[in-house]
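Below, chain A partners chain B and then partners chain C, in two separate complexes.
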Partner chain A sequence: MTVDQISSVAGRRGSTQAAGRSGTRPPTSIATRRHRAFYLFASPWIAGFVLLTIAPMAYALWLSFTTFDGISPRWHYVGFGNYRELFADSQTWHSLGRTGLFAITSVPLSIVAGLGLAVLVNRPIKARGLFRTLLYLPAVVPPVGAGIAFKQVFDQNSGAANGVLNLFGIDALGWLADPYARYVLIMTVLWTAGNIMIISLAGLQDVPRELLEAARIDGASAWRSFRSVTVPLLSPVLLFQTVTGVIASVQTIMPLLLAPDPTPAGITALPQSNHLYMMHVFAEYFAFGRYGYASALLWVLFVLILVVTGLIFRATSGVVFYNVDPEAKK
Partner chain B sequence: MRTQAGAPLSRRRFLALSAAGAATGAASLSGCAMQVSNGVSGPGETVTVMATAEDLSPELIKQAQKDIGVKIRTVLFSTSKLIAMMTNGNPPDLVRGIGAVDAPYYAARGVMEDLDPYFAKSSVLRVDDLDPVNDLWRYDGRSQGKGPRYGMAKDFSQDSMFWYNTALFDQAGVDYPPELEPVTYEEWLDTAKRLTRRRKGQTTVFGGSYNGVSTIDMLAGLTVSAGGSLFTDDFSRVDFTSPEARKALGWYIEYCRTKVGPSIVQPDPNAWDGPTFQANRLAMSNSGYWLGGLINADKKLAPLARLAPAPVFQGGKRISPCQAGTGFWIPSKSHNKDAAWRVFEWFFGEAPAKARASGGWGIPTLKSLRPLMPAQESYQKRVLKVQEAELKHYSVIAFTPYATADSLLGLFNQIAPAAMNGEMSVDILARRLNSAMNDQLKRGKEQVG
Partner chain C sequence: MTTTSPTVASPTVTDPPPTSPIAGSAPRVRVNRLVLYTVLVVITGLFLGPFGWLVLSGLKTPAELAASPVHWLPAHVQWHNFADAFNLVDFLGYARNSLVIALIYATLVTLSSAWVGFGFARLEAPGRKALFGILLGSMMLPQMITLLPTYLIFAKLGMADTYWPWVLWGLSSAPYLVFLFRQFFAALPRELEEAAIVDGCGYTGIFWRIFLPQSWPVLSASFVIAFTWTWGDYIAPQLLLSTDRTTLAVAVTSTYVTSAGTPVTNLQAAASVMYVVPILLVFLVAQRGFVAGMSTSGLK
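Moving on to the complex of A and B:
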């Protein structure tokens, strides 16, 4: 029996005895105090979670069964009407398709870019700290500022990007319109690859040197060592980046920040290629005032993210290598 | 179940207590949200005004306290915040709105206070002194422009007019438009094409912009100018396939397709004409008198810029509506209507109104304040002459109460780019717009009843 168990039993006995003596306050056991302390410290988070996550989600779920528009007096319950409508809405499917394409393109690209940068700045080069800082810097820039900068740089008539093209005798492109707008959007993701670089760098520094040295002694090339030693050991990090990257790309509001007119109605003027699922949701809420329908769209997205995350975990269960100390399981 | 002192807290009990705590917290938060003062107007009252930073500067708020003894608390304008506050039962006491499109929408939903009794008693805002533009804030339960007054415009412009830069006309060797007579829309577009300058795929000078304040309101105006009406008599449907609406739509799509000016297929990164016009890169700007506020402050640009009447369609009707009429209204559930009205009177009829009238950022909405409009310089006198002549052609173009302008514009933005890029005919576009917008209007009508 451990000390905790002994004190817990003693505490219970004490409580029972004390309860029999009227007018006396029962002694408090160590276990009870620990319980209280745990719940005391956890309660701000739980209260926040209930107030700011569960309650709004429940409210959105309720709204998703109504025609609520915020102002009109005759909104009413429509059951699964909004859900039936969204599955028949071509905008939903088109925006979902574009979002899927965006996730499939941007997530691998940003992971490869981040990992590549991490490998570069993990090498013993001069001014390594400076390079690490510079490469991470864009990730620190607020997205709103980044959106404004990208809009200025890629403006067709006065932007620097077309200035460079003109220097080479190439005619200016409408970067912020179809079909180029999607490439600018992907560039905004790659621009913040410093985030992924930092996490990958931490992973790389965790790779045991003896394994790499053993591979080198066995005659493995640098590429082979990277592929067969480093990548497997980094696989949990890469899985984490994939899952969070997919969730972030599905929920991205970057197209909104690239919009020339980021108002509710202005969002609807986005180039079609950047009209992703969240833009559809945003437009339904704030341009069309269809709070019920937009809430249904969000709930479908929530379920979809859960399913996609589950599928990613299942698909990678055989290839992700967890370097766990076998003794720790005992 | 009674709680035994000293007993360990079970998870179930803890979660129950958490939920109760959260509910209490939510109620407290709700109670804390935007508390407004109650009672009648008097010194020391606080009025919550939902406005933009430009509407009410900190200096103006201080001035209100000094002039009328009312403390103004501002909430930054946001439709979603307004909805949240109204749902919560604590609406602001004064709310910014665009008379041309917001008044029928909110009035039909019964959330605006009828201000007729207040106007009847006011010595500051006399009904006979109100400019006709304030009729945008009237709604009789069926149509805009008649019935009780629900708000008032702070200033206005006739938004189909346009400014032009004489230097850019001279450079291109193009004649100026007549001073007091309107050009046709066809001529305007032809002139814009001649003024446009392009180099290596970039537009160095835009011939002209023509997007209105809100594209849908502008298209409704263009349709009236062509001799028709975009909305049916009961405002429950649009018809873009009528010959007049088709003509208006075709003209606007041609404007976008030729890319002589900014549009959703060639967006201006500034999202408005001011900086481009000021940089001598826009020869004609579809803006009303209000742009004079910017132009007058630029000593180089002011002598070069001139105001021109709203164009007409060939053989069509000369009209010159206001597409905004931005002002304020009092929610019917405001807890402090009397104090709100005091601020309303002060803002629309006293010192702030006089300051706005002399600033040149719009035409005053009280006829008695018109003498304060800037007319010191020769270019200001020229602009004033054009503007005064244009006022004779003002009329209210009623907007539907069944949808917001944003929702109709949103549908237009989603459907029209294909036609602007030449991938869809105007006839197909007209049919698709009818289908999408009439669905939205139908939903709105069901909600209003």
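Moving on to the complex of A and C:
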């Protein structure tokens, strides 16, 4: 299907150029060859996008109107039944609220942390490269490793966190259960702030030195020039971090990896405070096998993400400053 | 779409001018050096802490891991935990599965992304701009949302419990890597292909013989990034592969249990160390290209 589409697109394009391909006219022009070559080169991505992204999404949309569960042979069309049910489902609203709360806290915190780290390791200090590498290292640790490490650190009995609290005479906390599990989840995000650090660092190094010099000569304090010169110049980077951060927090599987049984079967035993929307979807998908209902949940999430991303772009459109340097263009 | 282009960073993140004191780019305060270093050392310690604790946990006895209050250090370092973690489950088998999947995917996706990236960088056609916009936009699609229905389709097509999904994902290129290659190829001089066209070389030949050999830095960065993704991926193998054919990521989370079902935490910790360390080593060896790639778009 895709191949047909591609060739028909390519064919349509080609035919406008070289109408005489069939006749006595000279062979196809360089331009047409180039057009065809482009579609030849782009075809793996186009085919993949259609077959492995659009088709599954369309399939999910179709399933979302059915009672399909993968097992019973008799499943049928229920119209908007699943959608009506999900909006009436208290788990949907609970998990949506949890996800929103998680995104609203973890995204700004990790951006501030990453930016702060970038400023620190951008200073002329000794062993700067070593500090950068070590601070970035946790971002390379696979989520599974991070989950197991954090489960050990925050173990109620033998964890280091309660060990430290104990030194101050504070009683052990059940970190991995309600209501504290949410803080552990946020800490796993902060732990990988090295990612944002590296990207912000690249941005910091692109801030023209003359601007900071000028601010200093005008008598601006360090904080003032950071706030009024550096941050505006970094705003595209920060916006990008915000958007990718929100998308990442919507699809994180860390609550599952922090659970006692991190398999889809154990999904129903998550602490309520870490029962994010994606976990709600997983539970319906894998614990209950309600593919139709879960597909409706996925589509609601998909639309919500589009709306939220759009709102973020709109809200920041007057604030984000794109530094277009005319001399940078060759 | 406009958001991605300004974040394109010079790949000099790890390689700042070492001689010039770049005091100008940091807020100018006379911070006491001692305070600065103390803060940095403490933060670095906190960042390394969880991994250090994982290693320590892997060296303790089960009794020490169950005791409260905490035993900070193992009374006797249990080196044999690492050997036991290796033998209790088929660690090598799972590691081989991880390696095979990661190699298949990283090789295919690197080649296909270079191929597609070349098209977007060096060839013109009506619709190219729109397609590139879709490509950049698709980087923001939450993959977890598409993965679940994809899993149902793969299962239906009988590709569950095979490595075919990774072959298909590999062949279809990854938008983020396409973008990396596109940026690299677009910066190469035009004369490169003009001479070849005059010589009658087709675009396929130009790609294989002229552009691909030039792109070693991006090829290796892309390979390392894709390899790390796959090695670290938990959810796709968890959904698609059975217990025997699954990857280390899945095995480490769920196979270290006694026959009664209680987790053997010390061996699990030792196994996770052995699972994580290869990736850390790959990163440290390939650091430069890896970080340059990461900072180009900031996607994981």
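Following the convention adopted for this analysis, the second predicted complex is superposed on the first by the 297 of 330 C-alpha atoms of A that agree within 3 Å, B and C clash if a C-alpha of one lies under 4 Å from a C-alpha of the other, contacts with A are read in each partner's own complex, and residues count from 1 in each chain.
Here is the rule we go by: contacts are C-beta pairs under 8 Å (C-beta built on N, C-alpha and C of every residue); 3 or more make two chains touch, one makes a residue touch a chain.
Being a predicted model, the structure only gives us computed values, none of them experimental.
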item	value
Touched partner set for A:67, first chain B, second chain C, both or neither	first
Touched partner set for A:176, first chain B, second chain C, both or neither	first
Partner chain in contact with A:122 - chain B first, chain C second, else both or neither	second
Partner chain(s) touched by A:264 [first = chain B, second = chain C, both, neither]	both
Comparing the two partners chain B and chain C, which touches a greater set of residues in chain A	C
Contacts of A:225 with chain B and chain C, given as first, second, both or neither	second
First (chain B), second (chain C), both or neither touched by A:288	first
First (chain B), second (chain C), both or neither touched by A:186	neither
First (chain B), second (chain C), both or neither touched by A:272	first
Partner chain(s) touched by A:144 [first = chain B, second = chain C, both, neither]	second
On chain A, positions contacted by chain B and by chain C	35-36, 39, 46-47, 51, 55, 70, 152, 155-158, 162, 166, 172, 260-261, 263-264, 285
Chain A residues touching chain C - in the complex, by the definition given at the top	9-10, 13, 30, 33-42, 44-49, 51-53, 55-57, 59-60, 63, 70, 117, 119-126, 128-129, 131-150, 152-153, 155-160, 162-163, 166, 172, 191, 194-196, 198-199, 201-207, 209, 212-213, 216, 222-223, 225-226, 230, 236-237, 239-241, 243-244, 247-248, 250-251, 253, 257, 260-264, 278, 281, 285, 291, 294-295, 298, 301-302, 305, 309, 313, 322-323
Interface residues, chain B side, partner chain A - complex	4-9, 14-15, 18-19, 21-22, 25-26, 29, 79-80, 83, 86-87, 105-106, 109-111, 200-204, 214, 264-269, 271, 404-407, 409-411, 413-414, 417, 440, 443-444, 446-449
Parts of chain C lying in touch with chain A, wherever the complex brings them together	2-4, 6-7, 9-10, 12-14, 16, 21-29, 33, 36-37, 39-40, 43-44, 47-51, 53-54, 57, 60, 64-72, 112, 115-116, 118-120, 123-128, 131, 134-135, 138, 140-146, 148-150, 152-153, 168-169, 171-173, 175, 178, 197, 202-204, 207, 228, 231-235, 238-239, 249, 252-254, 263, 265, 268-269, 272, 275-276, 279-280, 283-284, 287, 291, 294-295, 298-300
Chain B-facing residues of chain A, complex	15, 18-19, 25-29, 31-32, 35-36, 39, 43, 46-47, 50-51, 55, 67, 69-75, 91, 151-152, 155-158, 162, 166, 171-174, 176-178, 260-261, 263-269, 272, 275, 283, 285-290
